[in-house]
Amino acid sequence: MDKYQVKNLPKITRADLDAAADRLKNWGKWGPEDQIGTLNYTKTEDVVKAAGLVKKGRVMSLALTFDNKGPQGGKTKFPPVGRFNPIHLMLRTGTDAYSGVLDKRGIRSADDIVIMPMQCGTQWDGLGHIFFDDHMWNGYDCRLVSSFGAEKCGIEQTREKMVGRGVLLDVARHFNVDALPDGFGITAEVLDAVEAAQGVSVQRGDYLLIRTGQMEAKIREGNWDYYSGGDAPGLAFDTLDWLHKKQVAAVATDTWGVEVRPNQSEGEGINQPWHWLCIPILGLTMGEIFFLDDLARDCSDDGVYEFLFVAPALPVTGAVGSPVNPLAIK
Amino acid sequence: MDKYQVKNLPKITRADLDAAADRLKNWGKWGPEDQIGTLNYTKTEDVVKAAGLVKKGRVMSLALTFDNKGPQGGKTKFPPVGRFNPIHLMLRTGTDAYSGVLDKRGIRSADDIVIMPMQCGTQWDGLGHIFFDDHMWNGYDCRLVSSFGAEKCGIEQTREKMVGRGVLLDVARHFNVDALPDGFGITAEVLDAVEAAQGVSVQRGDYLLIRTGQMEAKIREGNWDYYSGGDAPGLAFDTLDWLHKKQVAAVATDTWGVEVRPNQSEGEGINQPWHWLCIPILGLTMGEIFFLDDLARDCSDDGVYEFLFVAPALPVTGAVGSPVNPLAIK
Amino acid sequence: MDKYQVKNLPKITRADLDAAADRLKNWGKWGPEDQIGTLNYTKTEDVVKAAGLVKKGRVMSLALTFDNKGPQGGKTKFPPVGRFNPIHLMLRTGTDAYSGVLDKRGIRSADDIVIMPMQCGTQWDGLGHIFFDDHMWNGYDCRLVSSFGAEKCGIEQTREKMVGRGVLLDVARHFNVDALPDGFGITAEVLDAVEAAQGVSVQRGDYLLIRTGQMEAKIREGNWDYYSGGDAPGLAFDTLDWLHKKQVAAVATDTWGVEVRPNQSEGEGINQPWHWLCIPILGLTMGEIFFLDDLARDCSDDGVYEFLFVAPALPVTGAVGSPVNPLAIK
Amino acid sequence: MDKYQVKNLPKITRADLDAAADRLKNWGKWGPEDQIGTLNYTKTEDVVKAAGLVKKGRVMSLALTFDNKGPQGGKTKFPPVGRFNPIHLMLRTGTDAYSGVLDKRGIRSADDIVIMPMQCGTQWDGLGHIFFDDHMWNGYDCRLVSSFGAEKCGIEQTREKMVGRGVLLDVARHFNVDALPDGFGITAEVLDAVEAAQGVSVQRGDYLLIRTGQMEAKIREGNWDYYSGGDAPGLAFDTLDWLHKKQVAAVATDTWGVEVRPNQSEGEGINQPWHWLCIPILGLTMGEIFFLDDLARDCSDDGVYEFLFVAPALPVTGAVGSPVNPLAIK
């Protein structure tokens, strides 16, 4: 598997980024007012067909639970970006009830609150999350994402999307390993090979899930050190062309940042080059920290790697991401 | 419509509550360890059948956006319970990007955070939300919901549920009004009549949505005064037996608190008597503040009041409720 | 008192602001590295002298309590800036204790948390709070205050300041009114007159408190509508020269924003012109929403308008303001 | 120094606690309505005298800065209690200003917010923080501290207190060590010896600060592991009688929890026995995580261990503790 290590993949320069931006730019494709990019690829007929994939009635959640054991708790080599695990607090409790202090209200109830980064666990990255120079998706000025939130491309724009055919490409199982090694670049060549081996073909409008096994390795270890911002297997830079050609609606993985780390641009002052293009240039929504273990076992068991995928974002106005409980329904 | 005003409905006493609790108690029905109650009613075959209802590929969100214009902003007659509209804050912005302060990271990105009560907008009430005396659903001790969260019946238990056949009963349209008046008790008789008129039959395992039109009236008015905790149309006490018999998985409305207000127990020191039983005794999950306008128009247009319903809770460990973006897919 | 209404005061143009900035700029006065501005005016000998003013041993708090009844609850004409009243939540409670759920820890205790804007109640505005064009105090680039907080002029720089001689100028009492009317501009002339009448002279390094009575009027009314961001009595533009000449350490009032509102620049696209200069150009820390009622009564009773003033900011690193419990000790 | 190790000190049983509670109970001493306990010991004349101790005009902060490098970041052996380091977030920034997005407001300003446990750094423990069985200070029912906060003994009751004579007992310097070892019990005998050696006498109404050197050791190490909830030098159980006799207003240390750890009750199911009595029985407010390094150097240099102490709590209504920036003024 060494051939796919990032050290063997081409290094990406700023000139490469600019060239790829020219080649892959979807700006204007869905009109100058569009705020959801490739989510437009999924048509109503695709939703109908995807619903037809439900044969067993099995619902699988692709979310980690949101709590203080989440992936923000580990050590990191990445400069901290202020994310933390969800803080869940009570406004009223069963102990208040037991103590009788609620009885003047005539009802015994509990209530609660959460303080959470939108990108602290299983999450969607919205199209306001990454900028290319001074622009976001569709050419919007990056200053539209100020302290007041995203005036354009807020996650609430997707509230009736995130439904379609889901396809799992289980790269780890394909290579017969529990987890791909850190630095393993999943190239277009690899994706083609997994598609062929699994007998599934990624289509326009699909929600593509890619499994590396890294999350399960961390769970087995019992700690999240170096998961957030650390080295990881992930998508190589050349997959941008592949995803562009395939016209997927969105892509998600079981890692912190989808793309391979260390990045292909290592040593050149550009961090996460795949991100530079994916969100602002292609308009491709991405999912991170997806829990793919149960789904992958099920797909391996029945040999069916397609399913109805429903993963509605929480429509927080002006948000640039969203925690999510994605469901795969087979 | 005056005959359905709460003043004309039977008053509920503590003795009535106790009798109903005996009659309707589902404790133990799904074993002593069960934590999800009537969500168990939906079987895998029901999920398959529900998926078969997707004919047009139309996805409709039943959520209000989560922001500072939400329903917690209004005046209220109810003792405040600490709920507030979501507070959305940025961790990094496009203005940071524009200012160049992110470039040392090699990537320009925005990040954000939300502070929100779990029950501040479109929401699920989990089974840890209401207690009957010292107990919650299935007989668990209410002290299991302490400041540390719900040790039993946390919303994360539902992470692979909230999928099934959805049925809309549009009571407002049935009575040919924009919105039912405050204090209108939707009785079992009314539900039967709407079922018959719409030509739909509520079945075991269904997710039942009931529209009063009140939310849209508030939206038209442009303010939420007295929506939270105020008078409202809603379910009458006798619907508990109806829902129990029908074996619905969950029930949701477009109001703040599902049941009719003022409550049928007015003047007797018991507040929200329907709640006393629904959650802890029947184990019936309920949804509140659902936005049903678009769905109701669609159902009225095509005459089809059933659909695939997918409304995954955010699995915050130990939470007693969850914000949600429920989807109706037709 | 009409002569002091803002309508009768000179209008401030951008050219006036630029001229005043040239005239009043303290940049570099305490070296290029300075981050606390006029707080430097208070010398150690001033602290010793101020301590000598303690004659009765009476300690008076100048803070409103911080809670959900605070001044952020009212209506406002000002574009909302995201401030809200403090949200106080419990991490453990006496009801948990009573319920026995804490006993496994071997100790029964309560804990809590607060979510609060730094400028939601009685507060200091730090020197990172206001910018003049692209600069903050002492010429620092405004981009040093990013989403990561203030790299320069954070409130933590003041942690050993905010101690000195306090002087109260009770303008409302001087004019024999409970509260000055909205739009009343407290001019340099007024300050001179109050000084003379009270027999007190403001000196270099003093902490100057100015009472308008507006807060107490709001408290008597029982609501805060239009306090935050609304019309108010306050300092006229010409007091900037007066404060500059007097070399005060800091200035505070019982209003939301110190300066008179509507502002003298009304209709010219410049809002809060006094602020434009006070913080970034003079380097003058200001206090807002100070509760001056008790202190003012005491001063009126004993005729002594000077005291030891101790009002330590909470040294939150990188903060541009701080809630505070200022003490006047006589 | 081994003789003062906790292993050599008497073990405290429940019977010992009960006996000490009988012996030391101050309930009712300041009337049945009292909510501030020993803070009452400081009289107005004490405040006047304390102000007289200001000779040099030097102001020293005894606070750590509040930020993400605070003492909640370390590993702990103590069951987690939900405390975390302050989370400081911006509502508006200088980068917004630079980007021009604020100019429509006519003023360029930054604003911010903090999310912080009341006991996450340098802090006061209020009298609602600890319960003895079902009671808090002065015999109040512990259920008065519910999810709605402390109805009695909230920290806001102290808003005009926390001013008086401060006395530092520098135990570490007395023993000529940088830091006392973990498990070192500072007994009444030790306190007497330090008083005598320093030539200072603790008096009624004093604010007593006790330095162990542990905090500085952690700062030198560069991490806070095992500071919160870990082993530490601290007050031995017999100091309760000493403090009771001395009638101090409050006591504070540079450790996480004032008392020696492991505790004298080790192995008997009682955790923090000194706490059991200090707050609810004596009504003695305590300060924790005080930064005493600068003050201790100053006292060692000039041989003066008394000073004016001003440490106003932030009057958050119903809070059981408060972050604080305590000042020692000499």
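When the chains are written out, they are named A, B, C and D in that same order, and each has its own residue count from 1.
Everything that follows uses one rule, which is that a residue touches a chain if its C-beta (ideal position, glycine included) is under 8 Å from a C-beta of that chain, and two chains touch if they have at least 3 such contacts.
The structure presented is a predicted model; accordingly, all values stated were derived computationally and were not measured.
Shared residue numbers account for over half of those found at the interface formed by subunit C and subunit D, and the copies are therefore classed as meeting with the same residues. Overlaying subunit B on subunit C by C-alpha atoms takes a rotation of 180 degrees, rounded in steps of 5. Centroids of subunit A and subunit C (each the mean of its C-alpha atoms) stand 46 Å apart.
Note: centroid distance subunit C to subunit D, computed from Cα atoms, is 28 Å. Residue positions of subunit C touching 2 or more other chains: 82, 89-96, 98-99, 101, 113, 115, 143, 146-148.
Of all residues in subunit A, only 68, 80, 82, 84, 87, 89-93, 96, 99-101, 115, 143, 146-148 touch subunit D in the complex they form. Looking at the complex, you find that subunit C touches subunit D at residues 43-48, 51-61, 63-67, 69, 79, 81-83, 86, 88-95, 97-98, 105-119, 128-134, 136, 141-147, 149-150, 156, 159-161, 163, 265, 269-272, 275-276, 308, 310-321, 323-327, 329.
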